[in-house]
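Next up, some structures in structure tokens.
Both complexes below contain chain A, partnered by chain B and then by chain C.
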Partner chain A sequence: MTTINLNGAAPSVDESHVEETGHAPLLEVRDLSVTFHTPRGSVRAVRHASFTVHRGEVLGLVGESGCGKSTVAFATMRYLPTTAEVGGEIRFEGRDLNSMSSAELQSIRGDRIAMVYQDPGSALNPSIRVGLQIEEVLHAHRSMSRQEAQERVAELFESVGLPNPARIGQRYPHELSGGQQQRVVIAMALACEPDLLLMDEPTTGLDVTTEATILDLISELKDRVNAGIIFVSHNLGVIARVADRVAVMYAGQVIEEAPVRDLFSNPSHPYTAGLLSCVPAPVTGDGAVPLLRNIPGSVYPASAPNVDACLFADRCPIVQDICREQAPPEIVGASEGHPARCFFPERVNASIWGDPEPRRRRRREVGGTPLLSVDALHQYYGTDRKKFIFFGPPARRPVRANVDVDFEIGAGRTLGIVGESGSGKSTAARSIAGLERRTSGEVLLEGEPLARDVADRTDDQRAKIRMVFQNPAASLNPQLPIGHALVRSIRQARGLGRREARRNARALLDAVGLGGEYMERRPRELSGGQQQRVALAAAFAADPDLVIADEAVSALDVSVQAQVLNLITARQQREGTAFMFITHDLGVVRYISDDILVMYGGYVVETGPAETVLAPPWSPYTEALLSAAPIPDPDAEPSRIRLEGAVPTLRQPFKGCPFADRCPRNLGDLCDNTPPPMRVDPANEHHKILCHIPLEELAIEQRKAIETREKLVRR
Partner chain B sequence: MARFLVLRLGLIVLTLFVISLAIFAVTEVLPGDVATQILGQGATPENVATLRERLGLNDPWPVRYLGWVGGAIRGDLGESLVQRLPITEMVGPRLFNSMILASFTFFVAIPIAVAVGIWAGVHRNSFGDRVASMTSLAAISLPEFVTGVVLIIIFSTTLGWLPSSSLVEPGTNPLTRPQILVLPALTLTGVMFAYVMRMARANVIEVLETNYVRSAVLKGIPMRSVIWRHVVPNAMLPTISVISLNVGWLLGGLIVVENVFSYPGLGRLLLTSIQTRDMPLLQSLSLLIAAVYAISNLLADLTYTWLNPRIRFA
Partner chain C sequence: MATATIDQNQPSPLSEAARTGRRFLRSIRRELRYAMATTSGRIGLPLVTFYILLALVGPWLAPYSPTEFHLADRFAGPSTTYFLGTDEFGRDIFSRVLSGATSIIGVSVAGTVLGLLLGTLVGLTMGYVGGKVDEIVMRLMDGLMSFPSLLLALLVLTTLGSSHINIVITIGVVFMPSVARVLRSATLSIKTMEFVQSARIRGEPALYIVFREILPNTMPVLTVEASVRLSYAILLASSLGFLGLGVQPPSSDWGLMISEGRSHIADSPLIVLSPAFAVSTLVIGVNLLAEGLREARELPKED
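Up next is the complex of A and B:
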């Protein structure tokens, strides 16, 4: 980003022309466009956006990365780089923000309009105590004594549910957990009781359990404060939880706007319908999972000029000639009902993207050696350190990232590993791949023991296990054409000649839907989804038996995520490749896994075939994870199991159950002080749960909880 | 905090011990016999032998090392071989003179450099910023002896405003004639000023683009508070590390500048001791400079810790 326009020069507005507040909507955005003029050409971040926000309602702004939703939020704050050219009007209580002087803006920011950001850790100043950072807002906009300001801050901390509100202001940001940091940022935004709150992806990057508690807070706030809220998110599940109305953005345009229930039940733009069908759906009763449909092609680029046509035409399944010749009707601000930027909104329904085929889970094969078996895997980092280096009481314990992890992966099956960050799931993957030297334990590939270090394994073993990472850009060499990496992998693994290897590489690229012409491209010329497909192709190049995918789809947009997930399932069906799929997204795990492993604090807390893990009895941790996951359905009643606190640091060995101090079903002394047994489900011997509570009891309690919730919904 | 301090002081002692060993070893392996040096080429072998005996040069090296270090700890650095004076007495006034020159750079030039850097960073790409950046680039590129000579040509040879030599009468205080300090101080300041200013500027620019500065601006607090409360403290952290690294460099600069201006400081003494092969003096000066360097690094670390809450309790 280039220099920020901090002063924003514009003539002051004559106050007498300002309309009476109360008549005008709180915020009216009309024909907004934002273009960034960069040395490499113009970027049209926002092409056309019109919408209104009223007091007391939440407008959800949803779309995939690059659609301009965050730019709209920052334009509303008049916080854009100096290279930005802004067109249209943004009227806040009738006054145009674009023509305000910097002094007026300063008096509105933080007072009347406030913002909550993605990544709260970086939004707070690391070297100032959090209490002071909030007092600053109060001093800037309210004449308050130090004493009054401190009391107000404590009040705010209490209202956002921070523990010990009178004292927590003395902390520095790094002494708070991610969820607490976001609560501080929300308290900061609420300090002056603003009229308009902008929330830019406020839960993105937080763990599901933390996300759920923050979303609870936001839904509670919207009833308590009389403010309009713009909630920007890429996550349809999150939008379904908090929004009253939703505006969908695509390629810089608002393409559909509707009340939240209408939008989810009856989308009127093909793109919205497509997005909804990309989100992994909950399991159906018979254990079958509907195959995800995906939106082909990629987003209309921001560098391309505005044209008189529908920008979605190239990807649309119901496209007509008119769509390419004429721009569809624009959505105007303050429009009633359910406008869509489409010529044929009445033709849009879920089936335009094809009827979903159910994807059956694989039956577990009886007998035989599993492809991979992991027995009592331990992974510790560091060693005991004493207070005076060589003697004295222990000052620092090793980090116990994996403790006694056991599991198996059958040939051609997918094991999904879920857990919050810090649960040890990535460590397990890295130990198996040989990127970390395990502390102890056995890892067997087809019955043969694998060396700790990948360097000590045979070429054949290395070819059989391949890994794909979260950030594809970081795992591809930016200097080399992508064909190079593929050819090298193929030659190493299969010992083919250069020409033969190149032919194979082309075939691989075809198989991941990219085509041979991508051979000579460099990673930076590809989008994130394309890069991840190249990374997958590179993993497939060695013809592996097992691919370990560590958060491989987490950073991708839902439509791209669906493409990649389908690619993986197709490969699995055709070649019988097994996958170890690590993710924090329960929807994805449900969709892709045959077996599921749930980890917490370095321990396996539940494992078994997917359908058994996803139905009661659950381990209390699995139950909490499932109830925290946002569901893309506005009518879904959120279950009330919430986890407070953070994942433990793993330095102190647990006396009892690793989950004891956060467990909603904690039995007291037993759970706190005695390690729990791994109980086997009598209904399925492969389904195991680490818990003190007998499974029959767990199942009864959990079914009861579901029934009470369903009763509540019916009422 | 106390634990941190004790640990660091212990480490400094350890560092100085290792350095003293290194200094001793280096002077041991240097060719040339000290006794011959003192007595001159024409000395009789008997005289040389007597002198060696008197200087203790015939003792095994551990004895000599311990004698030297033990003396240094007691504050007795021995005697200069050439001038036959106690080193402690020779070093005292020189150290004072050098400190005056260095303090000027440290306490006047660096704060100004930081201030200019902050201003340039906030007003990035303005005319003033460009001038400051260009000037500092020029200053960095020129070594001190060039800057010194250029300053002499301009201010003393041509304009005649200031003396070209900064000799101080033995036993007098250079502060009684402050005009002799101006040119050496300016020369010494040049590169360091430019370096610190550029560093401060770069850090300010970096911090201005962080999310927490964005939060501060969008809180609606005045720009002045954004700069002083949010930008400057965070931009100072890396700047301080750079300044502390530069202390060693400042000491090196002193040697050059003191020689260009014939200013009687530690640097000039060091050079003289090398030229005359005055080993005890050379050893003592090296150890002293190492100690100054270690202590200034400790002070920089303490400031850093004080400014940065993230490592305050580590």
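Up next is the complex of A and C:
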């Protein structure tokens, strides 16, 4: 039985109930508020959040950036700076953590309550062997002998699936891959068999394939250890995969809490419903792409005071007068144990966010010269010559970031480039944009060769290719007004006067949904999504034929991501702009791409029209990538292909196939030692796969794998 | 090229310069406002402001001329006539301290500004250009930096002769390499940022990128560096005065006053203590301000 109270003040009924049952829940957070007092005003990171966690369950804490989910986790550990004012109660097995002395806390932290951090690279001390770091924890809390501790560490390493558990403790963090580092951090958290495990975005910094293996580990752990787990994430797909119950946070409040299936199938708060409908859905069979819904406006700011009203009212599609006049009470939603902070939970469903309408038909292949064609692009960093002739560091082999990359982008089409970090996708983009001087290869724009350096290209060529970057905050000069980049772009590309250019810039801002009054604002006054829209407007300012978007939506929250994706597709439809869309998010690629290029280790491993790449035959790497992607549906059976190891360092040229050492379909000697051929799909001449296995065979094997999986699900 | 059409609409260089100046002042004001949010800044900034005002109006506030001899009142103790007493020639110490502020603050501020200008120019361009040129120029800077600053200053001043201008030039040259280093590393990190890449893709000329896109973003680093440099400049200028290479007697200079009063320290400690107190509080004030500016950078930025 869960006792959840979303409404701040705790009614006495709840308390007596807890006493009656005889044992307190593992963790009970009541009316928690965290305010950071800074010289520039107060930041209300958490406003009266309440929830409980029981033994053996995973509570998913989900929300967009700035909703206070990580602060809740840190408050539970009492890891907050002195500027934080903490209100409310955090009861761990009935004892209030807020009133504990720091010595008591010290003995609980790492022992009874342990935390897994987002970035394993900074959670581990880079100058101490990983085994020793865990021994230290055991030493501090368990006073074990050296020998015992070492044995325990090996045991822990085995339980988190690290290879060679007896020896791997001798390594330093930098000798491990990101996934292995995170396993070490998890092992450290498990060292003292904690009762409560806090996981703060533990897979966010990892590649999808690695993320999938870590999620497997976590869902296996929850059955094995008898601990309560709080799993903080912004990713609904990840939450659906591991959580038993989910608490959705908005503006520092828990606005809905429900068992995971209930939440996904029957959201009772408009915000939750909105979040779920923002996630890009796969394209339907007839090629029509549904319009993405988005949540307009921006998050209730943390600097704003607490008000007696619904904090979501300004963005809510079903808002009534009462929502602005008083704070909504806790209401039991669709079923028992499913409270939502809304006056009208029964009115909530996906359609309140607008009906999905077919937005466009996919463009069919058009003949003629492609807009951009890339032929045998090579990009190596560094040479094997010494920096100085007689002294200096010894020469290293160059990093082969792109090897023999070929592709084309047709006018008005979108090419999605996917791959894990280190696959060379951003390098390819930067070479084409002329930000990196390519080592060799041809890049043709409408049949004309492009110079290696952007400075050597003609004004006309520069105007035709524009780029949008991942980090919206860094894409705009923080010291200059928003309008600056737009006006410069327009004047450079079209040679207009200042006044004319300003008028055009205003129109561009209007087109991306920001008014002309934004012209004089500074980037820091805008939210991440608004900044990215300005960056897009700046890219569109020159009327480019091709926009290269390098992870342009990766740093954005889902609701904002949807706005940006809609802008991109609207532009494409109206102006016929082609996009080169680089991302590691398969959902986004699936949604936006006409053609897809899959890269691995600097090589193109598969390319072709989207529908052919997304269906068998796949290259074994594409197959693994697709099966690793988390799906925001708790009932989706996770498929079974898991890649171990890490993306190879690119200094050593590959003897055989670049993917050979991680490939689940490795044929042995042939794959390891002979470079694979680029095979052409007989069904579609544009669909090509880099593999030794004949495509017919691949298709048969892969279809078989899908069928067995489906059989398993049915059973 | 589309430059022809752009040119007609180009505003006059003068108004462009005025705008850049205004923006510059505004960003300095912002940095100072942030610094006032820290304790060090709250102490340092008023102290520094006090001394700057003193440098501007000090000579007019002085009850006597700093060079006027009162031979009847040599080595007088503090009294209502002479607040801090008089020195060996009967000159009023209070007046000498007041009027000494102008020269030391003037010289060190001008020297710092020159050093920052030279250093920023070198640091920004080398950081952006990179490659072999950068390698060579920065090694030259390292060479310059390897001289102890006082020794270098002595060398320059003994060859050029001592004058206000020469002291300013000396301080500027001594400071250039370290400012250049700081600015270069700031430029190296800023030039990889996306807005600089966007400017390159737009086809902006290198000079424009360096001065319009990168320079404003070095302001936080630059203000901290300026305040640190200023305190060194004050110390350097007063050391030079003490060594007799700064402002020549009989004009009042704090370093020089300490040097002259040394031999009478037992009889009349105020001759040494007053200018020493002035120098040290000024340097402490500047250091606290520098600390405040640095701390302010760590604070979350306002939205």
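Note that in this section the second predicted complex is superposed on the first by the 664 of 715 C-alpha atoms of A that agree within 3 Å, B and C clash if a C-alpha of one lies under 4 Å from a C-alpha of the other, contacts with A are read in each partner's own complex, and residues count from 1 in each chain.
In the analysis below, a contact is a pair of C-beta atoms (placed from the backbone, for glycine too) under 8 Å apart; a residue touches a chain by one contact, two chains touch by 3 or more.
None of these values were measured; they are calculated from a predicted model.
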Exercise. Which holds for A:A538: it touches chain B only (first), chain C only (second), both, or neither?
Worked result: second
For this session: Using the touch definition from the top, say if A:A474 reaches chain B (first), chain C (second), both or neither.
Result: second
Problem set entry | Greater residue coverage of chain A in the superposed arrangement, chain B or chain C | C
Exercise. After superposition on the shared chain, which partner residues are touched by A:V260: those of chain B (first), chain C (second), both, or neither?
Worked result: neither
Problem set entry | First (chain B), second (chain C), both or neither touched by A:L156 | neither
Exercise. Of the partners chain B and chain C, which touch A:L690 in the superposed model: first, second, both, neither?
Worked result: neither
For this session: Check whether A:V242 is in contact with chain B, with chain C, with both or with neither, and answer first, second, both or neither.
Result: neither
Exercise. Counting only touches as set out at the top, which of chain B and chain C does A:L435 meet: first, second, both, neither?
Worked result: second
Exercise. For chain A, which residues count as touching chain B in their complex?
Worked result: 1, 3-4, 6-7, 77, 79, 105-111, 114-115, 117, 119, 122-128, 136-137, 139-141, 172, 174, 185, 188
For this session: Note which residues of chain B are touching chain A in the complex, please.
Result: 124-125, 208-212, 214-223, 225, 229-230, 233-234, 307-310
For this session: Quick one: which bits of chain A touch chain C in the complex? Just the residue numbers, please.
Result: 38-41, 43, 301, 303, 433-435, 454-455, 457, 459, 462, 465-467, 469-471, 474-480, 485, 488-489, 491-499, 524-525, 535, 538, 542
Problem set entry | List of chain C residues in touch with chain A within their complex | 1-2, 5-6, 8-9, 11, 27, 37-38, 193-195, 197-204, 206, 212-213, 216-217, 219, 299-303
